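Before anything else, here is the set of structures, which you'll find just below.
Each of the next two complexes has subunit A plus one more chain, namely subunit B in the first and subunit C in the second.
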Partner chain A sequence: MNSVFSNKKAIMIFVLPTLLLFCTIVLIPIVVSAYYSLLDWNGISKGTFIGLDNFTQMFQDPRALKSIYNSLLFAAASIFIQLPISLLLALILASSVKGEGFYRTVYFLPVLISTVVVAQLWSKIYNADYGLLNTMLENIGLSSLAQDWLGQKDTALAASFIPTLWQYMGYHMLLMYAGAKSISQDIFEAAKMDGASRMRTAFAITIPLMKPILKVCLVFSVIGAFKVFDLIYVLTGGGPLFSTEVPSTLMYTTIFGTYQYGYGSAISVFIILECLIVTVLINKFFKIE
Partner chain B sequence: MKTAEVRLRKKTTFIRNIIIQAFLIVVAIVQIYPLIWLAFFSLKDNSEIFSGDVLGLPDKFLWSNYSKALSDGNVLTYFFNSVLVTSISILLVLILSSMTGYAITRMNWKLSSVTMTTILLGMMVPIQATLLPLFMVLKNLHLLNTYWSLIIPYVAFGIPMAVFILGSFYKGIPREMEESAVMDGCGIYRTFFSIILPLVRPAIATVAIFTFLSCWNELMFAVTFINKESYQTLTVGMMSMVGTYITQWGIIGAGLMITTLPTVIIYLVLNRQVQQSMIAGAVKG
Partner chain C sequence: MKALLKKSMSLVLAVGIAGSLAACSAGSSEGKSADKDASGSIKLTLWDQSVGNTDPSAKLLPEIIEKWNSEHPDIQVDRSGTTGEQYKTKVKTSLAAGEAPDLFYGMGGGSFMQPYIESGNVLEISSYLTDDIKSKMGPGMAEAIEVDGKIYTLPVYTHIANLYVNTDLFNKAGAKVPTTYTELLDAVEKLKAADITPALIGEKDRWPGMYWYDIIAMRQAGNEAVIEAFKDPSKWDSPEFVAAATKMQELAKAGAFNSSMFSMSYDEMLGAFNAGNGAMMFQANWVNAGIEDPSSAVKGNVQVIPFPTFEDGKGKGTEIFGGAVDGFYVSNTTKHPKEAVEFLMYLSEQLGTQGYLAGAGLPSWNIDGLDTSSLSTLDTSAADIMKTATSFIAWWDNILPADSAETHKNLIAELLAEEITPEEFCKQMAQLKPTELKL
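Coming up: the complex of A and B.
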């Protein structure tokens, strides 16, 4: 029996191809990226080793700082706007309202659509002259508010956050809904017997018991904000005047637009570190509580 | 007194339900109307989009936008490429991860838990961090502008999640299943392929759906590793199409609809399974 399940040859056949592929494509490139980030390199000539200069440059580059600031704003907006809305919807749907399944299906639909399509769609919605948003504003007599949402420095960042909110709200809603549904019904019945109101039940019982899934949502939304690329790349390309620039779009233009391979790699290393630190911090925070 | 109280409570419940339903419906409209609006303008011509009823149904349904997008806009090529890249990626992810997940969770060897940890580490890696090194490797191997330049990374990045999901399913299978198979004279391969694999069919479906969504919608690798139009996938194709047909919204809309419809159809058919696969992907603890 044991000889069958510790058949060395079979284990090799089952594991080795996967492990080789995974290491070459996922793990080793990260080490390589870290190495590139220490070079002054344009991709053509040989790179010269410059230590941490790329990182120093990054923290003095107003464009890079702006991009980090923007991604922090994105993260904050996800935490304080997107997650509360998702939580509210999840709690309502989990309390067995009429049409529960239908609403869940509809809210979740945008999650599955390619971000390229979402970005194109919203750029049409925001179109200054014929877009859905301005037309609607005109129809309800608020034509003074109509403007070029993506074309102006002041509104562009907020306008690029809305599609993310729209697209991923349903995802967090679904995760939280699953979390709420997995709580034993007995607890709710006991609360009802004790005369706890719905509000009270939600804050004193449901939400505390949903902590594991809330942690997952928090990690996902913050990391998602740090990694955001597709949407910004298609919607604004980082403009106007870098007002919607995020680290990943900056990394992309630095590498493939201006051929600063070393500097671009430094930004990509920064993105990994950022994600790693935030995951650790959130895990720590939830343990302390 | 009692009945009045009951009646009052019923009344407040009734009103509360109406308010909740109204709220849910408003959110539903916000979530779904942009997509309906997209479907509408994919059937309109420019003059109607720009000066007609922006919000509502098209006057005449211009199905020609779709045929134009398919023929002139190359959407058919993009569509074929997306189908090809996505289906090969799904197949390879399933083959590799089902075997690896099995060896890690059910077979006895010293390094199994180290291997699992290493692979799960991959779930935390942002793909941005590997973009440039992968670009250099693919360039040196002359794989840029081939289907493999997308399939290989898609498979590699799909593996962690797949091994995780399949692994947790394997763990739930009772040992006796394997023991009796071996008693009956099955070798390890036979046990795996004809006893175990059929048992984890739901997990296989979950992984397939998950891999489909991430490959079908991927943009960063697709835009970096491919610049020949004949190999572009739908996401990249859509970007270049918008550039070409910048003033013809109807055709762009049709292209966007063609990109989106397969996903929506799969979702509507496999609703429950899709939602479960997204949940399974998240709750890795």
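Coming up: the complex of A and C.
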């Protein structure tokens, strides 16, 4: 009895520093942001309490709705384009192909590069005047397709999604690869002896056993999509004409461009709630399965 | 119990992941070091935005500060520079958090500094100023820096916007340097025919396009009408401003601007102009140094002229876009106001005069007796244009309240993209808030 009690104390002491750090840099700012979101405040003078008006304004603001719509599209692209490709790569790599380590490093490399560098790289690829993409199209005789990818309303959104999808593909691949690798070899051997094809092994054994890691990947990629900021900010800044606006870039411009700290905080609170709800939903979904 | 713990832990984790975004907005606590150190000397911190490669101030500032530090062992200045947009964010965050440095650079007159002046974040320096320093200022500068009869800053440079013309490309196309709107359209046509991009706009940052509409509106309606409209926004919806918006769209439709304007940033625009990829650019004289830089391909081939006047317009060529006075401010939280203002006076005059000679900006200080022979023709032509000035209107995004300035820039982007008609543009302009400044 005594030993358990002292054990708990020890646990508490060890956990406390991290908990305090977590509270000061994560929980407190969230609570403070939530409070700011109830104010009409320019960040300098004293704010006035206006209740949930910022949130009502947000759901009537076409620009905010458009940004939410864009982030939902982005989340969908992450789930249906990014994750399947990551899974495919992970499965191929995990099935002991030649040069496994080399490919693993190559696919993971973009994750290590700073997002701003990635954004600069892609903005040069997309450049209308000297960009790699347009030059390539011209060289293969498709110069009619060459265009200002990031400067047009109808291409900018897709063009700004691709770099993020590309960058984090390796990250999800590595998580899934680790999940696939941790499955006991005995099971695969048994499957082989039963004459199961590679495809069948993947769908009947590997993927079902990877379920916990797939859940983690799904949560990460959806949350990542909801709060994407740096890449869009550097590539387009939300433009042209708000066509690539996402909630976080809108939050940035409302706070630092127009001094609406209250409204901007409301957007950040919305992003947090959105992420929380989706996390809970994904957990529920995986439980039902 | 265990399940609850598990649940709450996963909730906390999720909050954490989501919250890392919000945590970014928590201000860092740097720049508050106005304390005496062991040797008893005073330490002042200075923030500025002069870090660009071709920015002459970036070279001059450290030299001036070093000289000051060696001459004033008891008042040591510690400087840190941050580039443009990030600098604005940095200053805003630190001022809001009450952690501003002793001295900091403030964007020329208007909506950037106004809120801080109003809420008392900035030190009023009138009582610290000597007559000697006032007499050294250029004509009209003492009035230009006053806000409600009070002084918060000293001038460093003045900037005015003019049309930069690549004469080499104009000659190649057989086009004439435009002095009227008709000639401008004509030049656009000839340049296009010669496969040359007539004018460059870095519309990704939105303010370069705003400069074009603003000068067109000033040429069409005249400065006086523009000032009236700043005070009473309903006047934005009048035939003159509709005509200005129509001309802006007409230029866009005629292909005057680069087709890649919406993906081109301000920096890329400068790069393109300096590489000779466009024949015209409407910008302020802070671009001079880059054009005259040895790395520039257009060095010596660029002429700076007043923006063309309009046959049907009320504005004259002597009505100037710009004239905003940039300067440094002293924070109200400084522990050494007297010493800070003393340094401010030294810095402003030194940087103002030496910076003019280095081509950083037009002078705000008395320049009689300075050897100006080293100045580029761009600098002297800009200075000559400023001498002819009959009136000034500073950058509109500084005159309009911050959120109206954003709307103004976004509307112009829509106008350029032909998303709205000139009439709709003016209707929406009439919804802006009136200026908080005394014009």
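The rule is short, and it goes like this: the second predicted complex is superposed on the first by the 267 of 289 C-alpha atoms of A that agree within 3 Å, B and C clash if a C-alpha of one lies under 4 Å from a C-alpha of the other, contacts with A are read in each partner's own complex, and residues count from 1 in each chain.
Operating definition for what follows: a residue touches a chain if its C-beta (ideal position, glycine included) is under 8 Å from a C-beta of that chain, and two chains touch if they have at least 3 such contacts.
Note that the structure is a prediction, hence the values are computed from the model and not measured.
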* Have a look at subunit B and subunit C on subunit A after the superposition and call it: clash or fit. => clash
* Asked: After superposition on the shared chain, which partner residues are touched by A:I140: those of subunit B (first), subunit C (second), both, or neither?
  -> neither
* Asked: Where does A:I288 make contact in the superposed view: on subunit B (first), on subunit C (second), on both, or on neither?
  -> neither
* Asked: Just subunit B (first), just subunit C (second), both, or neither: which does A:Y259 touch?
  -> second
* Asked: So which one touches more of the residues on subunit A, subunit B or subunit C?
  -> B
* Just subunit B (first), just subunit C (second), both, or neither: which does A:V26 touch? -> both
* For A:I11, select first, second, both or neither according to whether it touches subunit B, subunit C, the two together, or no partner. => first
* Asked: Just subunit B (first), just subunit C (second), both, or neither: which does A:W149 touch?
  -> second
* Considering only touches as defined above, state whether A:Y126 meets subunit B (first), subunit C (second), both or neither. => second
* Asked: Just subunit B (first), just subunit C (second), both, or neither: which does A:M193 touch?
  -> neither
* Who does A:L276 touch here: subunit B (first), subunit C (second), both, or neither? -> both
* To do: Show which residues of subunit A both subunit B and subunit C reach, each in its own complex.
  => 22, 25-27, 29-30, 33, 129, 220, 223, 227, 229, 248, 255-256, 261, 268, 271-272, 275-276, 279
* Asked: In the complex formed with subunit B, which residues of subunit A make contact?
  -> 1-2, 4-8, 10-11, 13-15, 17-19, 21-30, 32-33, 36, 89, 92-93, 97-99, 103-117, 120-122, 124-125, 129-130, 132, 135-136, 139, 166, 169-171, 174-175, 178, 212-213, 216, 220, 223, 226-227, 229-230, 233-234, 248, 251-252, 255-256, 261, 264-265, 268-269, 271-272, 275-276, 279
* Can you name the residues of subunit B that touch subunit A in the complex? -> 17, 20-21, 23-24, 27-28, 30-32, 34-35, 37-38, 41, 49-50, 54-55, 96-97, 99-100, 102-104, 106-109, 115, 118-119, 121-122, 124-126, 128-134, 136-137, 152-153, 155-157, 159-160, 163, 178-179, 182, 187-189, 191, 213, 216-217, 219-220, 223-224, 234-235, 238-239, 242, 249, 252-253, 256, 259-260, 263-264, 267-268, 271, 274-275, 278-279, 282-283, 285
* To do: Would you pull the subunit C residues touching subunit A in the complex into a rising list?
  => 10-11, 14-23, 25-26, 88-89, 92, 95-96, 115-116, 118-119, 121, 203-206, 259-264, 272, 277, 402-403, 405-406, 410, 413-414, 417, 419
* Asked: Residues of subunit A touching subunit C in their complex?
  -> 22, 25-27, 29-30, 33, 42-45, 123, 126-129, 148-153, 156, 219-220, 223, 227, 229, 236-237, 239-242, 248, 253, 255-261, 268, 271-272, 275-276, 279-280, 283
